[in-house]
Every structure is written in C-alpha cells, then in structure tokens.
Amino acid sequence: MKKILNNPVDYVDEMLAGLTAAHPEFYRLAGDTGRVVARAMPGKPGKVGIVTGGGSGHLPVFTGYVGPGLLDACAIGDVFASPSAEQMADALRAADSGAGVLRLYGNYGGDIMNFDMAGELVEFEDITCTTVILADDIASAPPAEAAKRRGVAGMVYAFKIAGAAAEAGLDLDGVTRVAQKAADASRSVGAALSSCIVPQAGKPTFDIAEDEMEMGMGIHGEPGVWRDKLRPADAIASEMMDRLLADMPLAAGDRVSILVNSLGATPPEELYILYRIVKTRLDAAGAEVVMPLVGRYATSMEMAGVSFTLIKLDAELETYLKAPCDCAFWSVK
Amino acid sequence: MKKILNNPVDYVDEMLAGLTAAHPEFYRLAGDTGRVVARAMPGKPGKVGIVTGGGSGHLPVFTGYVGPGLLDACAIGDVFASPSAEQMADALRAADSGAGVLRLYGNYGGDIMNFDMAGELVEFEDITCTTVILADDIASAPPAEAAKRRGVAGMVYAFKIAGAAAEAGLDLDGVTRVAQKAADASRSVGAALSSCIVPQAGKPTFDIAEDEMEMGMGIHGEPGVWRDKLRPADAIASEMMDRLLADMPLAAGDRVSILVNSLGATPPEELYILYRIVKTRLDAAGAEVVMPLVGRYATSMEMAGVSFTLIKLDAELETYLKAPCDCAFWSVK
Amino acid sequence: MTLTVTDLRAAIARLATAMEREFDALNAADGALGDGDLGVTMKRGASAMADLAPDLPDDLGQALLACAQAFTKTSGSSYGTLMATGLMSMAKTLRGHTSVDPAQISALIGGARDAMQTRGKADLGGKTVLDSLDAMAKATADLTSREAIATAVAEAAAAAQLALRDKPATIGRARIFGEKTIGMDDPGMLAMTSIAAAIADRG
Amino acid sequence: MTLTVTDLRAAIARLATAMEREFDALNAADGALGDGDLGVTMKRGASAMADLAPDLPDDLGQALLACAQAFTKTSGSSYGTLMATGLMSMAKTLRGHTSVDPAQISALIGGARDAMQTRGKADLGGKTVLDSLDAMAKATADLTSREAIATAVAEAAAAAQLALRDKPATIGRARIFGEKTIGMDDPGMLAMTSIAAAIADRG
C-alpha cells in the first residue's frame, strides 16, 4: 500500500489539521464536529451562503473550494463516505449570514438524505435552504434518466459560477437559479486506469489489469460503460468527446468551457496530450472555448485516469465563470 | 504501463502542443527547434531575462513556470533528458530584451554543458548570460561537497524569487545575486515510494517493493540514503525535517518558507498529513513560516513520493517570494 | 406484558453482538456492488447505542431519539441515515411513554418504513430495506403476543430478503449494475434480516 | 596516404552500423547506474551523421562541424554534447583542409580531449570518456601509418576501459554510487571502445 499515512482512522482528521495549518488565510474549522471547514474570512454580511459536502479523498473537491468567490462551508465525511447530517447542519450554520444557504452537492444517496435531514434541523433556526444537485456523469445513466446520474467534476464549474453569483449579491433564489443553470449545462465523462486505496480499506477499491482501462467508471470505482485494453491517448480523447457531444450537441458559435481533469496520479503532461484532441474537436464543432481548465480539479486520491467536463455557457454563466475567486487550489484574477 | 499516450516518441511534442493550445495567454512556442516555450506576453523592455531548461516530465517544472513574475523562456528536453545546446540558445534568444539573461537551472551534467555551449553560441549575438545552478538536494552529497548536489524542487523558490527581482527592475547582476542567494538558502530532501515510467523506456525507471520506500531518492530515481519498509507519515516527516534542519540549522526568529511537494501520484491529502509535523517542527525551532507551499510544484510524472524544500528568508527574499506572479500552475496575487 | 427501556437495553446488547459478528459479512455484501461500508455503519451505530444503553432514559421516545442520534453521529452512509430516520419516527410516536404494548409494534415498524420512504424516495418493491420493513409490519399486523411478534418479525425479514432476491436493484450504487444484481441479496435487506433476528432474539 | 571526406563517409557508415548494433548494450550499461540513454544518444547521433554523409563538403572542417551539429541537434545528453564538443575541436583545426595526414590524428584526438575537458570540467583518471581519448592520443603519438594508427586507436580505447574498470566513478549520475561502481565499466568508455573499433575498422 503506497500511501503516506499514520493510523488510517485518523486520515481525514489529520488531513484537515494540515490543511487548516497550511492555509489559515483560507480555511478554518467551524462547529464542533471537527468536520466542517468554513472560510477564514466570512463573506460580506447578507451574502447568500453556499455549502457543499461529501466524502474525503477528492481534493480539491470538496473542502478545497471553500474561499472567496467559491463556497462558504463544507462538511467532510470519511474517505468516499457522506458526512453525517449533524456535520452538514453545522456547515449550513457556518455559511448562513441571514440570506439563506444553497446546498450544492453531488447526486449520491447518502449525501441527499443527509443534506435533507440537515436542512430540516436548521429550519428550526430560521435558516432557509435551497438545493442544487449535480448529476453530470453521462456514463452513469442514459439521457432519459439524467436525474439519476452521479455528480462528478461538473461541480467545479457549479461551485465557481454559483460562488461568483453569490459574491455578486444575487439573492438565494438568484444564486440557486444560476447554480441550477450551471448544473444543467454541464456534462462529464471519465476513464479510469488504476484504482486508489481507501485508507481504512487498505486495499485497492477495484481491480484492473496492468494493460486495461475502463471508460465511464465512477470516481469511487463504480462501473463504467466498457472495460478493455488501454487505448492510445487520441482514441481515448476522441471517444470521450464523442460521448459528450452526443449527450449535449453543440452548434457553431456556442461558447463553452472544458475541464480536462486528472483523477489523481495521471500527470499534467498526459492531460495536455489529451487536450490537443479536445480542442480540435471543439474547434471542429465551431464552438468557442473559454477558460479551459487542465489539471487536478476533482480527484480520487491516487487513482490514474481522466475526466472531461463540458459546460455550455450563456453570457451570465460566462461572466460568473470568469469572475475572480481564490482558494489554496485555484485562483482566478 | 498505465500512461495515457500515443507514440512515445511524440510525448513531449504533443504535451507542448496541448500546453500552448490550452494556455495561449501564458505560453507560446518560440524559435524553430519546437522545444522552446516563451512568455506569450514578453516582459517589459529592458527587463532582465530568465531562462531555464531541463528534461520533460516534471511539470510544472520547468516549462510551467514561464510567466509574469517568473521565467521568460524554457528549453525542453525529452523526458528526463537535457535539451540540446541549440534549443537552449533559442531560449536565451527568446528571453533577451537587451538587458542580458540569467540561466537558472538544476545541477545536472548534461544541462550544464549544454547551457555553457548555448551561452557561447549567443555571445556572438551580444547576449550577456549569467548562471545560477540549483543544488539543493541534501541527500545527494554531504555539506562539504554541496556543489555536487542535484537540483530539485528548490528551483521553484529560485524561479519565483529571481522572477520577482527581474520584474522589479534589477539589472542582470542584481537578479543573479538574488537568485544565487535564494539558491544558497534552499535545502531539499525527498522520499520516493514508487517509480514513474519514462514513455520511451516503457517500463518503471526503478524497482521498489510494494511495501518499501527510499529516503533521499532523486527525481529521476537516483539512489538515496536508505531503502526500507514504508514508515508512518509522521516518522517520514520527522526524519525529513531532521535532515533539513541538520543541514541548515534554524535560530529562533528565523523566517522561512517550506514547500511540501508531491512527486506526482501522492495526493494532497497525504501532503497535508505531513504538513502537521512540518509546522510543528518549525514552530518548535522558533521559526516563522511564511507562505508555505503544499502541492505538486516539481514532479516526476506519476512517481509516488514527497519532497520538502526549506528556504531561509531575509527581507529581500521574502519580498520577492510574496510578489505577484502568474502562470497556468501557480498564481500569487 | 408491555415492553420497556429494559427490553430496549437487552435488544441493543444483542444487536451490538450480532453486528460485531456480521461486520465482515455485511461489508462484503455491500462491497460486491457498493462501497463495502455497511458492516462499518452497523457496527459503529450499534456499538454507539450500546455505549448509550446504561444511560437511556425511561421515556421510550427520548431513548429512541438517542438511538437515532447514535447513527447520525457515527455515519453519513445511506443505511445509517435511514436507520436514524426510522428510529426517529418511532421516537416521535413513543414520546412521553415508558412502555409500549407489543400490539403497537406493527404500526411502529410501518411508521418507520414510511418515514424512511419519505427520506430516501425509493419505491416499495425496489429491493431495499423498505421491503424488509414492509414485510415485518404486515406480518405483525394482527399479532399481540410478544413471542409471536418476535418470531414473525425475524421470519418476515428473512422471507422478504429471499422474495426480492431475483429482482434487479433499483436504488443506490447497486442500481447501475441492473440485471447483474438479479439473484444477489440487497445488502440492506440482508442487514435487516440480521437486525430483526437479533432484536427478536431469534438469531 | 592522406585521409579525405571519402574516408570520413566510410567511417561514418561503419559507426552507424556499430551504434545500431550496440544500441541495447549501451543503454543497458548506462542504465546500470545512469539513465540508460547512451545507446539512444549514439544511435541518433550516428544515424544523423549518416544522413548527412552524402552531402558532406570536401572541406574537412565544414564536414566535421556538420557532424558535431548532428549531435547537438539530436541530443542534450552529456555524451552527445561531449561528442559534439570533440568534433567541433577537430573541425576548427581542419577548417579549410580537404585532407589530413594520419600523423595528425594523435593531435586531433588530444585536442578533442582537451576541449571536452574544458566543457565537462572532469579530471583525467576520473573514469570517463576523457581517459579513453587520452589513451588513444598517447598510443598514436608517434605513429604515421594509417593501419598502425587504426590498430592503436582501437586497442588503446579497449585497454583504457579495462585499466579504469576498477576505479570508482567520479562524474555524472554514476558518481553518487561511489564504491559500488568499482569493477563496472564506465558506459562512456565502453561506448568509445565501440566507436574507436568502428571508425578504425577493427570491429
């Protein structure tokens, strides 16, 4: 097991201790569950709060994106496990400055139940909550069942855009509307090459042969659409673009952004090799690429693989995408 | 072989094609060797140029750090191989705006010979060059032979600090002096857990058992100081801090920065676990930690492992460290 | 003969023992198609309840609320949250009561099922723990004797597990495997079979 | 009997064949303690020279300059840069000449050795290609016949390789292995033994 850790049960708490020690200008622990990270400097009074939450092991997702122009607080579960409703309620409390809180998170059963329960808890404290659930992974259900799709790297765009909308002073309904629009405009697909190891499990989450890959696999190792021999980079990129463009066709003149994301171990060199094809395909579709993102934005620890997230932008989404933001993992000027 | 690539011989050229396509606001190919990346927007006329160069496979090092407040141009070799003298000469030409060029790179035989040869070539074109060589890896030679040490992640600080000095308008001697001071004030040590694969080699650079690690191993797999069973995170961090502090003792009140760097596959979660110990040790030494860096700043593709780089700051170095810079991988406001 | 907090304490003790024993089996069952944490969820929750047991108040509503919190505090997984939701529903019904007539059990289970269905938005017949609870509620509907109810609860959970085995999963991580899940037990139903047997002392 | 560009072309052809043949062996020798690219460097450089060969000018200085550039263009590795440096030194000496007397060979090799030493800042006796060249220069110092020189060059390179084998490496990546390198051939010396044999047609 090639991980640098102490007692696996302490993994998440030690990670949070280090994160907050390294970046006190961005992050602080809030509440008393030990599993809520909030902005070191709260947003302007009256700003709508944005909260996310989910399992650990996806840095910068989820915790990393707490910061100005992004999220206000995050509830952190164990690796790949939902935080509890108690922790989420604490995050909602930390994020509220009276203008209400948007719950913005991925489509996983446990997260939904817990965020719902957390919302019921803080309702008694007069905190108004809305919900936008990311369901961007096209490999996890056909278009007809799009609401059943998993949430993956699309949340990076949603965090950024909703965060900018809140910073711009929109009210809770406005921020919620913008976040939903960003979620609806995003499509992702991933391909995994190797498993990561959940510290408490101590062994790879899934087995995959040395020369195999799986198209459409989920970020926790959920099954994809096919498993086969590893293909050349250009073939992988082409198929991923085929799938994205089939799910969300583009017209000439469309403005889009695309995230070419490493699941962890895959180095940026390989992402750039893939990006050549991505750009060629978008150019061929007549789309204008705005602020492409290439790097590790949503990971599964040391999993090898990539995901692409395509978002179709209107003028409002583009403005918020380009607005400034800051956190330890991403800074837009 | 779990890499996403096409024909291995095209790895570097395709990577550069993708890098420049994704970030045209930062990077452009310069010269006609196809292996020189220069700033998309050249620095102010009269600004001292800074050039680096070295093998591919270390992103963001070297190429990634071309940008305002950082480097002006970079010559890029094959994976883990020096660029040629011709390519370096082209990088020097791209970086010169008449104020001369600092060659700032790591202590590797091939790089030194080629940069020397490149300097001789451009001397005929009235380009004045100075040299600062990074030799920060304390595991590669004892203090008495410090000049023989390899250059590793210390170059991140040197690029940042020298880049800010050049941006501030210092002349060639001034920038060179500041860069040398940063180089002299930096110490690094690394530990590797798994090998990466050089695309054209097609197999791991070195073998290491599933439960082993090697302290002090170099970023190309050069031998370290010991190989043994994998230790707990806190023990690894403690030993690395012991070694750094023995090589460069700190006094109470010293101001330092520290880079906790992933060699590639090791996820940020693990870096933060290590950072707890790093911070505790620096606090115990009475040192003040300024702008700690935690992330993937100098890598070996998908190698698992970490390095720590400690730099002792005086007021001048601290000012330049904190000055703004921008590139696709790092932005300081 | 009514049930009191003493019975609850004894049931918790049996549950904690059973969940300790089934730890690997539940993880493995969940791991076949899911994330393999079901044993963790149940062991943690049950042992947190066992820790609370000596201090549980006589008020069964308060006592069950504490049990629910044992799950919300130790787990964020679906099953833990559903367990908490079900226990909370029972707690609401029994608030202010120090004893409960066995004849009420069926309604309590049915209330838990409904609350959990509201929480998880799954359909009955979808091969989830809801189907176990539905079968348990129905099997105990007309029973009044403690012993008969205990037997019925345990048998109904096991029978439901078997009855749904050949349907495909419709919920959670397993859903995505579709037809492949035919013939496989739903891990949540499997867990409920053990839970019911332990609480009913029919293990 | 003087040497001309025709001889250079023939030597290049033999070198390219030899480096193709030694590709794996040189990579492996370099890989034992270094980065394993020596075969790549030499194969690429020699085949680039072979590509140039038909078009090489009669002026031996210009011809050798082109050969040097075959290395600077195809490689940034130490050995390639050293080869380029050595060839450049010979090119400077022979600029404007279309033939060379075999008796000059020793001085040309010595000049290359010195230029390479200036470039790489290594000491003689440090178990590097410099020691091969030094031995080759010395062995040919008093010779005038082409055939005797060819034999001496090939034998001196092989003998130097053997003579330094039991010293520790002092330069480059291998240095760090210190005492472990005793008994191992320096890959650059091993390569020079093959190069010398090929050029001298004593392979």
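Each chain carries a letter (A, B, C and D) given by its place in the written order, and its residues are counted from 1.
As a working rule, contacts are C-beta pairs under 8 Å (C-beta built on N, C-alpha and C of every residue); 3 or more make two chains touch, one makes a residue touch a chain.
As the structure is a computational prediction, the values presented were derived from the model and not from experiment.
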Length of the shortest touching-chain route, chain C through to chain D: 3
Inter-centroid spacing, chain C versus chain B (mean Cα positions, whole Å): 56
Centre-of-Cα separation between chain B and chain A, whole angstrom: 29
Centroid distance [mean C-alpha coordinates] between chain D and chain B, Å: 33
Chain A: positions in contact with at least two other chains: none
All touching chain pairs, where touch follows the definition stated at the start: A-B, A-C, B-D
Residues of chain D defined as touching chain B within the complex: 35-37, 40, 69, 72-78, 80-82, 84-85, 119-120, 171-173, 175-177
Complex contact set, residues of chain A against chain C: 77-78, 80-87, 109-111, 113-114, 116-117, 140-141, 148, 200-201, 220, 222-223
Residue ranges of chain A in contact with chain B within the complex: 1-6, 11, 14-19, 21-23, 56-57, 59-60, 64, 193-194, 210-211, 230, 232-234, 236, 260, 264-276, 279, 292, 294-296, 299, 301-302, 304, 306, 326, 328-329, 331, 333
